[in-house]
Amino acid sequence: MSRAPVDASEHFDTASFDLDGDTLREECGIFGIFGHPDASAIVALGLHALQHRGQEAAGIVSFDGKVFHSERRPGLVGDSFSDGATIERLKGRSAIGHVRYSTTGGTILRNVQPLFAELAGGGLAVAHNGNLTNALSIRRDLVRDGAITQSTSDTEVILHLAARSRKPRIIERFIDALQAIQGAYALVALTNKKLIGARDPLGIRPLVLGELDGCYMLASETCALDIIGARYVRDIENGEIVVISEEGVESIRFANAQPMRPCIFEYIYFARPDSVVNGKSVYAVRKAIGHELARESRAEADVVVPVPDSGVPAALGYAQETGIPFEMGIIRNHYVGRTFIQPTQSVRELGVRMKHSANRAAIAGKRIVLVDDSLVRGTTSVKIVRMMREAGAAEVHFRIASPPITHPDYYGIDTPEREKLLAATHDLEGMRQYIGADSLAFLSIPGLYRAMGETERRSACPQYTDHCFTGEYPTGLTDLSIASPRQMAMLAEAD
Amino acid sequence: MSRAPVDASEHFDTASFDLDGDTLREECGIFGIFGHPDASAIVALGLHALQHRGQEAAGIVSFDGKVFHSERRPGLVGDSFSDGATIERLKGRSAIGHVRYSTTGGTILRNVQPLFAELAGGGLAVAHNGNLTNALSIRRDLVRDGAITQSTSDTEVILHLAARSRKPRIIERFIDALQAIQGAYALVALTNKKLIGARDPLGIRPLVLGELDGCYMLASETCALDIIGARYVRDIENGEIVVISEEGVESIRFANAQPMRPCIFEYIYFARPDSVVNGKSVYAVRKAIGHELARESRAEADVVVPVPDSGVPAALGYAQETGIPFEMGIIRNHYVGRTFIQPTQSVRELGVRMKHSANRAAIAGKRIVLVDDSLVRGTTSVKIVRMMREAGAAEVHFRIASPPITHPDYYGIDTPEREKLLAATHDLEGMRQYIGADSLAFLSIPGLYRAMGETERRSACPQYTDHCFTGEYPTGLTDLSIASPRQMAMLAEAD
Amino acid sequence: MSRAPVDASEHFDTASFDLDGDTLREECGIFGIFGHPDASAIVALGLHALQHRGQEAAGIVSFDGKVFHSERRPGLVGDSFSDGATIERLKGRSAIGHVRYSTTGGTILRNVQPLFAELAGGGLAVAHNGNLTNALSIRRDLVRDGAITQSTSDTEVILHLAARSRKPRIIERFIDALQAIQGAYALVALTNKKLIGARDPLGIRPLVLGELDGCYMLASETCALDIIGARYVRDIENGEIVVISEEGVESIRFANAQPMRPCIFEYIYFARPDSVVNGKSVYAVRKAIGHELARESRAEADVVVPVPDSGVPAALGYAQETGIPFEMGIIRNHYVGRTFIQPTQSVRELGVRMKHSANRAAIAGKRIVLVDDSLVRGTTSVKIVRMMREAGAAEVHFRIASPPITHPDYYGIDTPEREKLLAATHDLEGMRQYIGADSLAFLSIPGLYRAMGETERRSACPQYTDHCFTGEYPTGLTDLSIASPRQMAMLAEAD
Amino acid sequence: MSRAPVDASEHFDTASFDLDGDTLREECGIFGIFGHPDASAIVALGLHALQHRGQEAAGIVSFDGKVFHSERRPGLVGDSFSDGATIERLKGRSAIGHVRYSTTGGTILRNVQPLFAELAGGGLAVAHNGNLTNALSIRRDLVRDGAITQSTSDTEVILHLAARSRKPRIIERFIDALQAIQGAYALVALTNKKLIGARDPLGIRPLVLGELDGCYMLASETCALDIIGARYVRDIENGEIVVISEEGVESIRFANAQPMRPCIFEYIYFARPDSVVNGKSVYAVRKAIGHELARESRAEADVVVPVPDSGVPAALGYAQETGIPFEMGIIRNHYVGRTFIQPTQSVRELGVRMKHSANRAAIAGKRIVLVDDSLVRGTTSVKIVRMMREAGAAEVHFRIASPPITHPDYYGIDTPEREKLLAATHDLEGMRQYIGADSLAFLSIPGLYRAMGETERRSACPQYTDHCFTGEYPTGLTDLSIASPRQMAMLAEAD
């Protein structure tokens, strides 16, 4: 008998299948490759490069010409998919993979992607980054109609829709499914003949096409191409399906032409700085944001200090624009794991110190400009400001490299409910007092669009998905009509 | 992030979903209880008593009034379900459980029962002992119709059939499902209101009703009632559904009345000797078999030696009938785990010695009657006879406490393909020579029925399912028409 | 037994190193082989056959001509030492191994044997079955003299004594160590040239020499020779060292000649029935005990029922002597694992039912003679008697196949403190009332010696170590003078 | 790092105990606290802050007034020592801990520190950072004298020396041990009354005293005080023992007064930038090094790019001194785990890309100054230079923020054998060609001392241990006389 500790504690919450649900959807990264002798090893490397998009779990499905193989594991790609035995089991020349965001609370292995279903015409595996805004509505209809759902993931409805399509070819069934769903999605899918990539009609979530020695691949970001030395070919377009097979790359439009409207948060926070998203360097955008921020909100100060690592490029831009020296006044501990037991006495601000520590030598007696990428709840900012003062900072001028976040996301970024967003409930002075800085400034929305290289935000048809700053959601939010306020917050989680 | 090694190596074999499949079905034990404050702890105890029916994996699903909880694990109940934390997670006053047979090759956790589905009217969990003979046919139709199947278990088709029923109440949907399936099954099912038990129209697999302090329970064998001190109420009848709820026990007939025809192998080998199956003591039947065997095939010998443990009661009967002394001439090692590495040199008959050893003091220089419960492939018997001779037995007279097995089972007992059954390819003298005994005799079919308390086998309508000895299968075998010879063998595995 | 991945949570109790200690010593089995190409695989098989002597942990040390390899694991041999990778790591043509008894409370991996030390002349690995009665005294002197002890095992003092010997050759150092210790021991030891076996001056614990294809081996019992088809050569004598090397087997006497006095408990309970200990079949002795018991204490009854499995041979003897039919009135569950969670309501006598169940068909309405091997605390006997009555037994006559245990063991058998031994605090009628039997009888001491083939017990110089029945301890008990009463009980644990 | 449940596969290599050994000694971090109610939780936090000093394994020993408790685990502190259950087991108000460097090859749990021994006067636990240069010699003598060594760690000789001291008090025994050893060490030790700290006669390895709410603690670096908000009191002096007890802090000099000579590598590479070592800010020293390097070896370039993270401060200094813009031209992947399977085709420079990726936007078309902390074998530098060129760098000017490393370390830093040090076998131009840079320059030794705030290196009595650059070893290297050339390289590993 096998004694391998296979856990799989599974809790079926009947309510959760309907409208509620603790961990319905989270943020993710995806990768796929077609026709390479080391397909699974390359997917593992690609996922490793995309690890910043999700650390909770990872999965790979491969196809060896006859059989699909699947391995899905909690934890990091480097821990679960780096050994020869695992990769060896994932036989075949085509494979797709997925990394999933770390959320608190229950992970269940059945939700780890790629998901797989046996359709009448053959197997279909799907990995999804994004979030559907009508998944609960569709799921309700599917269950009414006799479908058995096995995960709590919104991605599963895509499989059911494809299974129930009456079209003969799997690619047609897949398109039927896409035309029924609403929201944000980048998808990679694997059949017994093809690798498929798809991006939602607005191109909210990113997806790029790459090539290595004649083999094509799909990835959430270009950094996943770079790690294996692959060539960036192009971004998948909004509303486009690419079908990669022995015949090469075929492009299909499944949605009416409309301007692209990618998520601006990829540039501000989410993508890796060395990635090029929709043709723009993330690092360059972040530095440009720093320059804009410096022009809008200069501070009299001695040093510019980033909150590492995401605040570094904007802080560099800020320092270069102002001429104030850039210093690593906060050191990041790279070994942050689980939450430690809190001593009952004497230790203050432990949470923030697990991840960041003040570099006294760089800040004691100085007036500092502290640059962070964004301000969400503000609870960490309070602690960082206090840590700076305890380390001897004479003044702390806080600069945020994005506009105030006033609305939750429903497209794949895990944001808190609206009432917990500091900028939704406080004005600027209120926020300054809350976090305890000597001054506080955010980047303006026009400044953000200038940093993106635009002259201005086209209000009729914005160039980017920016609802977190503006409240202008780019798609319908069907599930909101059947979900309670608490459930609305849940919708902000994503695949 | 959780670093618990959660396995889930999953291999999707597209072919296997259709007709083939390595581990489609196996032998099992089931238990369920309704309305007890310690429901899950009691299910764990019941499954422990049923552990001889399946050692590969175990699972329990409970319902706490709002939410279904599920834990499914490889290995023994005593290893996986004896700790407080696991039982604590399985909240609720109603629960069902399942133990699964140990087969070689790939277990996949998704196949471990009870299976669960969210239907339009609420959740439904099902645990199954038996095997369906039209599951592949139904599965093929379901996939054609857009269903997504997640396990390779035939039990899953019951869930899909119930999900697709257009009846409003879950119990009606469940009956719809039962009326579509063919084969052998004892089922326990749990809804958010009821505990359900069902037995196939011939009552091939066993199921009993018990009671403890006013709470009703269902179990494969009475030994699972005894462990918790519960009272045996009655056997579930063939073609009967019992519905246990706050209102008590309701009985529904879902199949036309026909005589019961339980599997005779439960008495010969499968059930525990202290169980009472269909009103007959298994121990008493086995002893009666020994008496019949002695009357039919007396041997001139000094001692009667059982192959432990299953041969012990028949050997006792044989010894009492003949007056030849009973001796424990073979000692069983209770610590048999995995297969050991075989030394490359010098060690003979290692396999059999891992489990059995000759007790030289009891057999050296003696003429022995060796009594075993059955003869399947004969490979072990060869080794045991040789081990007896090496330990000094003067003569070895082999007596088999059942008739020759000439046909495979398709109802839940894992038998090899027909060509590997020794009795299907050899006559009695050929078998004797093959196993190397001085004499060999089987119980006759009339003798078997006499031991069961019958005067004779009713050939038009046999009292027991005995196709392994007679080739008379009691139900249709629909899947055989769509399965290859190799797949036919697979059908012999069961839940 | 614990299956948790053992990492070695280690708790150093300073007091425990001196005189106290929770888990200082337990019961064990040992095996060693010299010069075989599959040395480690054979040791694993030998330990598997000795698994009944210890289920808590197992270890093997091998020598490959240059380097010693060691693997020590909690749990069963069949779980930890059956895989190819583990055996592959244990390279070499010589190896020794050890299984350790399961005690409640803390196992620490450092205590799992064989222990190893690097001496000035080379490495020395030792595995020990037995218990030293002056280990605490020696340990105290060693620590005073600057030795650092790493385990809480009494076996470690043997290594220290050998390390501190001024003799040049390891075998001489080993003899120096043996001459300093007191108590019961069978030892196998491995150096870079030799396999060594030793038995204490009275031969209390067993050790046999076997041979397979010209390779010699040592084992606690002959059943470990049988599993690999090896030939029994002879028992190691009391006070003898055997040194096995390329030159063959050399015998050395390290203690003055005195009559052997082996532990009689090996026959009554400890050894496997198919083993031959000191030239006597364990099974034959147990049956003879049954005959003696029947002659001494016949009961008017309908059936003889053994408490399985250890009571079976004596019950057979009893049945044969009296002519009362032998029946398996109690069925043993072979899948007993950890202790289950006890339901808070309704379930009685759960502990005993986890392991044993009444076979109602064999006992209802009958007057039964219940035969068990021994009576220690009596707590289980109470429950078994009650279970028999609840299953309908008309009368229960309890027969114990050994004399009353009135004194604790200090030589390797885990017995409770004296005040917890039922026979030390109750007279026969008191015991009968306590366990609730209709009659109770023990084997007499003369009867026991007759069953051993002796005409009588030589009171001046008893043929067997039988202090548990007589209080006559065969060796000094030095540590008792430095240990408190509670610590005295601890001394009853052993390697 | 391995996350496998470590059970302690142990391989005893007899040769290795004498002179050889694969993993005898490595680099480490230590922490201890006395008299705090949350002692173990605080040690865990301190070790977490010191995690950069060792990622292979961690251990904590606590004392609860009666018993020592120990937990030692492979992997990160945040994975092994952050849960409540583990900390709960480490009871007591005093505790010490240790993190150990990750080396390739065999970790054995017995080597994980703190080590513990029961001495005649009570228990003694020791944790060690550094390396002894006469440990093999002492170990040889100890084994000759009958000592049994259990680990392959040089730290164990300290325990043996203390155990064998004839002094009555443990502190005196500990001093006896220190006076016998040679090399580099910072030690924390725990007895049943005291917390002890010690630093070798030259103060090669660092150790500081801190205080929190009246409780004293010892740590390798000040960053471990900062994480818990403790106050830095002072550095332990060279040749000083501090004894912390209920009576406060007592200081004892165990070595003759001589000038301190701390290891200069702590500043260059090893310590965390926010630590203050021997009174100097590591970050400030590294920036000063950048300034010196810029003055000595200016390059005509467009951007200054650090090799992250250790090259960042020097690169900032270089950029500030020259006015050339600082850019994050290399992005570090924070999720580097185990080594991935290398695809057999097409993927180049995979190793370096697992950890670093080129940020094309910052370097394409630019002349870059690449700043790294040191150059050891040069193999990674080759790949980074090539990666820069492939990302479009026009010119690559490599600047090393330390002098050429020409000699191995024997004091606790894991350096390769001399012949593998690039600077030991190549001249400057040879090195430039090897790594493929357009220009290459190292910091000069005078420049290094200027950056340390000295006017010059005192050649008669250097202010720092700098043998890696100069070949001037500050202590005797006794073991070298008994070790082979290959063994000499082993000596470079450390605790």
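Per-chain numbering from 1; labels A, B, C and D assigned in written order.
By our rule, a residue touches a chain if its C-beta (ideal position, glycine included) is under 8 Å from a C-beta of that chain, and two chains touch if they have at least 3 such contacts.
Because the structure is predicted, anything quoted here is derived from the model rather than measured.
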**OP:** Could you quickly compare A-D and C-D and let me know which has more C-beta contacts?
**Re:** A-D
Original post:
What's the chain with its C-alpha centre farthest out from chain D?
Top reply: B
Original post:
Could you state the distance in Å from the CA-based centre of chain A to that of chain D?
Top reply: 36
Subject >> Geometric centre distance via CA averages, chain D-chain C, whole Å >> reply: 49
**OP:** Return the residues of chain B touching two or more other chains; collapse runs of consecutive numbers into ranges.
**Re:** 3, 55, 76, 79, 337-338
Subject >> Residues on chain A engaged by chain D in the complex (per definition of touch) >> reply: 36-38, 41-42, 44-45, 48-49, 51-52, 55, 76-79, 81-84, 87, 212-213, 223, 226-229, 272-274, 276, 281-284, 309, 312-313, 316, 320, 325-328, 331, 333-350, 353-354, 357-362
Subject >> Residues of chain A touching chain B in the complex >> reply: 1-15, 17, 55-56, 61, 66-76, 79, 89, 102, 107, 109, 116-120, 122-123, 143-144, 146-150, 159-160, 163-165, 192, 338
